[in-house]
Amino acid sequence: MFITLKPHATDAEFEAVVDKVRSLGLTPHPISGTERRVVAVVGHTSAVDPEDFAMLPGVAEALRVSQPFKLVSREVKEEDTVVDVDGVKVGGRAIAVMAGPCSVESEEQIMAAAEAVKKAGAAFLRGGAYKPRTSPYEFQGLREEGLKLLALARERTGLKVVTEVMSTETVDLVAYYADVLQVGARNMQNYALLERLGKARKPVMLKRGLSGTIKEWLMAAEYVVAKGNPDVMLCERGIRTFETATRNTLDINAIPVAKALSHLPVIVDPSHGIGLRKHVPAVARAAVAAGADGIIVEVHPRPEKALSDGHQSLDFPEFQELMRQLRVIALAVGRTVM
Amino acid sequence: MFITLKPHATDAEFEAVVDKVRSLGLTPHPISGTERRVVAVVGHTSAVDPEDFAMLPGVAEALRVSQPFKLVSREVKEEDTVVDVDGVKVGGRAIAVMAGPCSVESEEQIMAAAEAVKKAGAAFLRGGAYKPRTSPYEFQGLREEGLKLLALARERTGLKVVTEVMSTETVDLVAYYADVLQVGARNMQNYALLERLGKARKPVMLKRGLSGTIKEWLMAAEYVVAKGNPDVMLCERGIRTFETATRNTLDINAIPVAKALSHLPVIVDPSHGIGLRKHVPAVARAAVAAGADGIIVEVHPRPEKALSDGHQSLDFPEFQELMRQLRVIALAVGRTVM
Amino acid sequence: MFITLKPHATDAEFEAVVDKVRSLGLTPHPISGTERRVVAVVGHTSAVDPEDFAMLPGVAEALRVSQPFKLVSREVKEEDTVVDVDGVKVGGRAIAVMAGPCSVESEEQIMAAAEAVKKAGAAFLRGGAYKPRTSPYEFQGLREEGLKLLALARERTGLKVVTEVMSTETVDLVAYYADVLQVGARNMQNYALLERLGKARKPVMLKRGLSGTIKEWLMAAEYVVAKGNPDVMLCERGIRTFETATRNTLDINAIPVAKALSHLPVIVDPSHGIGLRKHVPAVARAAVAAGADGIIVEVHPRPEKALSDGHQSLDFPEFQELMRQLRVIALAVGRTVM
Amino acid sequence: MFITLKPHATDAEFEAVVDKVRSLGLTPHPISGTERRVVAVVGHTSAVDPEDFAMLPGVAEALRVSQPFKLVSREVKEEDTVVDVDGVKVGGRAIAVMAGPCSVESEEQIMAAAEAVKKAGAAFLRGGAYKPRTSPYEFQGLREEGLKLLALARERTGLKVVTEVMSTETVDLVAYYADVLQVGARNMQNYALLERLGKARKPVMLKRGLSGTIKEWLMAAEYVVAKGNPDVMLCERGIRTFETATRNTLDINAIPVAKALSHLPVIVDPSHGIGLRKHVPAVARAAVAAGADGIIVEVHPRPEKALSDGHQSLDFPEFQELMRQLRVIALAVGRTVM
């Protein structure tokens, strides 16, 4: 249920609403828009009559909602969410570019990548310290050592760090070093992890699962927000289809659809989305043209030597050229590149 | 097999190659590039030794190819194919916009649409006279009457006409009235139709099937070209996936991949690709940013009254605004809108 | 609309209903059940009031239907359709086995196959004379020569012949030689072909398209029946999914679902359904256990030498063993193998 | 790498091999077949020369393997794995039937279900105590209270208990009460969970992910086995496709394919596989006919009142009838129902 307050409702009126929600054994989630406040009510609301709230002082209306997602829904919060990543804003007019290698491999590699992507204009450094691998025998990442290298790269370049967290046990550790906690596609519906991230103090980037519908993806985001962390970015990274010429099928439709259904920022990963190095720029341009709020792209000093994903990583000159192209496309849709 | 001639090979040397191909019971397909000529050899070439050709005067090399498609392959013909539609060129620097209603419904409707899309800057009028419908009880199109109305609209506006042909029996009739013969997604592998279109004298636009891989789509184009019609445009219109929030999943990846594998122009249909009117512009912009050579979009005087596809048709003001956006994006990728 | 007559309605009452339907510009399709007759009304019935029929003598009720398919729907005709193929019945208690090579290659090959499958207990000989091939350069079948060989094999063995028809132009020719006209998966929505088959005098076997939903498949069958040919068998042959370990994904669910929605017999093609010779028997057994009315399976004298589909064809001993297994499974579900 | 010992190799020879593996920083996994022992070597074996092992006394051969899965591969262990669940064997001639409600709802409900499925002949009780739900606002299960009720039902009926574990934190708790630890489809590639289960002392049932390929599913099983738990059962529960008439598409092909690639038992879940109560028996019969080693099916005292999955749950008489059918089909494929 959503209880919308009148534009000039007082703080006391607001508190009275929140108290009444709690008194019924339900959980209130206050949402502050620019003009008015809304209280989303979570819990078994079926036995509660919206009229009991509608009649309270300062309340404009109380409504049940039909969409299965609530807190992440644009029906509830009309304005775009702008996630503040330690001073860098994602979801506003400026498009965020996140770049770096698939895996952190060594200090030399991550520093070279960080400096190159910084120079080309990226705002975030990406790099995997914990790597989900299909096979238990493949390189699983440098783990905490990788996190330390990422933090060191941040110190040297000022880039914000985005990196994957794969388990509840490592949430605190990853959150200690990273600026954005990435949930991988295979964990989109790992509910224990989502709930744990709802209690983390860092923004979350939630990748869409290989066979996750747009609605399931938003429901997964709802898990994080419902547990208390409103700073979620969605990330479209391609879905699994019958087509085998490309690694995945980037769902370009998902960008406008997710942004219409939800107020959360939508980031696009063209590297996994197509999986073919030479075509990554075309897909990245398309994403920005379709309204993406950011791009996360794999860049490696020497793609042909990468321990993972070399076939879809750009080298430095290719990334520099991509940044140039993205700035022009961003301009064409009335935005800038961060 | 492909026999590449030397840059300055004489016509007599060229003819000698062609004759030898024929003498072996195979079919020669001469392809003229800007610098040199190539003869593609079609038939059971497995018993033929490329060396028998490589030693002929004027021949640079003779190679077997591994790609299953030959004539449509960029390995064979490096330069982009530019299809000349009665003076309007598709596949060059200018992006072709094709617009109009799903179905031709009446003279009034098609004339209103033609004039509006012409005014907004489209070069082609689209409109279905023969409609493939899932149910035998739905409106099947005005048939020849619809073709006549399309021809009339061309006469009044100068727009080129693109319309679907559904059966071998009607190829001549549709070719009599139309400028471009469209093959619908459900007929992508209707080989009898493809072969018949190979003998038609009008360009063909081949829509990708709902579950057609990129390679199968190119092989279907190969059927048309192998039978003698080199003027084929590919059209990406969305594939069928598990996602149900959109009608289809527009495969944005297919644009750069098809253009890398083939020299044929690639048109994109954002209307079917997403199936949601309000999101058609975002997808159209993405397509141009990814390198599409044209856009085919549904536009109707009154979408809410359309006999078919009203939910994905733009009205006139929306189309005008889309044209404005496409011009800006086109500029950003170094192209223009026709 | 469906007009159901009373159990003891007279022929005159029945004729009066049919005449009234015609007088309104609609087409009546009489359907005879064991207990009562129904008249399905096809055409633009939206302006017709069911009450106008309900009040006629001998009429039990007149109802609009919501399912998009009508004539093939079990709502309309409750009893299973039993298709009589020149004396051999498909859709009753006995399960029909159709077997033979992918393509007719030579007299020697087809005769050997026919005699072997006959001896093992099959009732139908399958074999392609016209072959839909992804590439225009692959073997396209022996065409009329292949049809003649199939007819010769029927003469010698008494097997009924099922073979594919790929184009409207060849319907009469194929119908002259064959007992069952097969529509291939790629032509499931080739509406010109479906309509033409509605006027043919031979039963039709309609394969499900690679991305055809169960409802679209039934709608395609509706095209054939609506044009006048009630003798349609459905054929599940696997759908296209992300799984690459098998050629297709046989949709076992489709058997009970199609049989619940429709009264038409459902045949299953395990050869295309899995595409792996050694696993064809497991899938065939599963199909019978799930309720299939028949099996169509590829059998070749020497699978390793077949011009097409050798990797999924059984040899004679394997087919004989499969027949033994199917008889046991059929018994377990209260049926027999024809 | 796999080091196969000679049939009569001594224990000392065997230990020498194991020691050498360890001395190279690799992990040995001894596998005992009926005739000979094999040592699977896990770790970065690329720098190790198989010849160094092949020359040791008692060694028959040392081979690198190409399949990405090793320990679960039939290439490595030819004999079927029979998982011993506290005395009940899964993977042998007898087919295991696991039945019960989607969620444990109350003592009354789970006891009624346990007694009914026991009486009908099931060997395992299924029931969810921790429920993965798409929405954070849906019923999430009775948690430990549910586990206790399952254990109580086991005490009263002798049925073995299979229930889902959703997070690493609850592995010990679930393992304390349950006999089989089920990994849900959404967690198929939750590697932290898989690794943790590799150290559990109870058998694991690993459901295939909605978009998991057969190879990825086997690789996920490899994670569990590589960490030390060889008692893994695979569970096919339907994949996600374009078809919307059914909840999922049960991949019947996966049964023979997984059993050919791996020695692990394959269980089938027809309830999720089709999602339609009235068609569950047809799919269950098909699974047994195709070679499944077990069936897990949802049964509820009153499906129409179930808190979850009521639309796909059988009631008691339906389950009893299904058991009767399965016994007949099992007999037809030379097996029995446990």
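By written order: A, B, C and D. Residues from 1 in each chain.
Criterion: contacts are C-beta pairs under 8 Å (C-beta built on N, C-alpha and C of every residue); 3 or more make two chains touch, one makes a residue touch a chain.
Predicted model only: the values in this text are computed from it and were never measured.
S.K.: Mind listing the chains that sit against subunit A and also against subunit B?
M.R.: Looking at subunit B and subunit A together, the chains touching each of them are C, D.
S.K.: Quick check for the class: compute each chain's Cα centroid; which one is farthest from the centroid of subunit D?
M.R.: Taking each chain's C-alpha mean as its centre, the farthest from subunit D is B.
S.K.: So how far apart, in whole Å, are subunit B and subunit C when each is placed at the average of its C-alpha atoms?
M.R.: 34
S.K.: Averaged over CA atoms, how far is the centre of subunit B from the centre of subunit D? Could you give it in whole Å?
M.R.: Roughly 49 Å separates the two chain centres.
S.K.: Can you list every residue of subunit D that touches 2 or more other chains, as numbers and ranges?
M.R.: In subunit D, 211, 240-242, 244 touch at least two other chains.
S.K.: Quick one: which bits of subunit A touch subunit C in the complex? Just the residue numbers, please.
M.R.: 211, 240-242, 244
S.K.: Under the touch definition given earlier, write down the residues of subunit B that touch subunit A in their complex.
M.R.: Those residues of subunit B that touch subunit A are 211, 213-215, 239, 241-246, 249-257, 260, 273-274, 276, 278-279, 282-283, 285-291, 325, 328-329, 331-333.
S.K.: Any idea which subunit D residues touch subunit A in the complex?
M.R.: Going by the criterion above, the answer is residues 42-43, 68-70, 132-137, 166-169, 186-193, 195, 209-211, 216, 219, 222-223, 226-227, 240.
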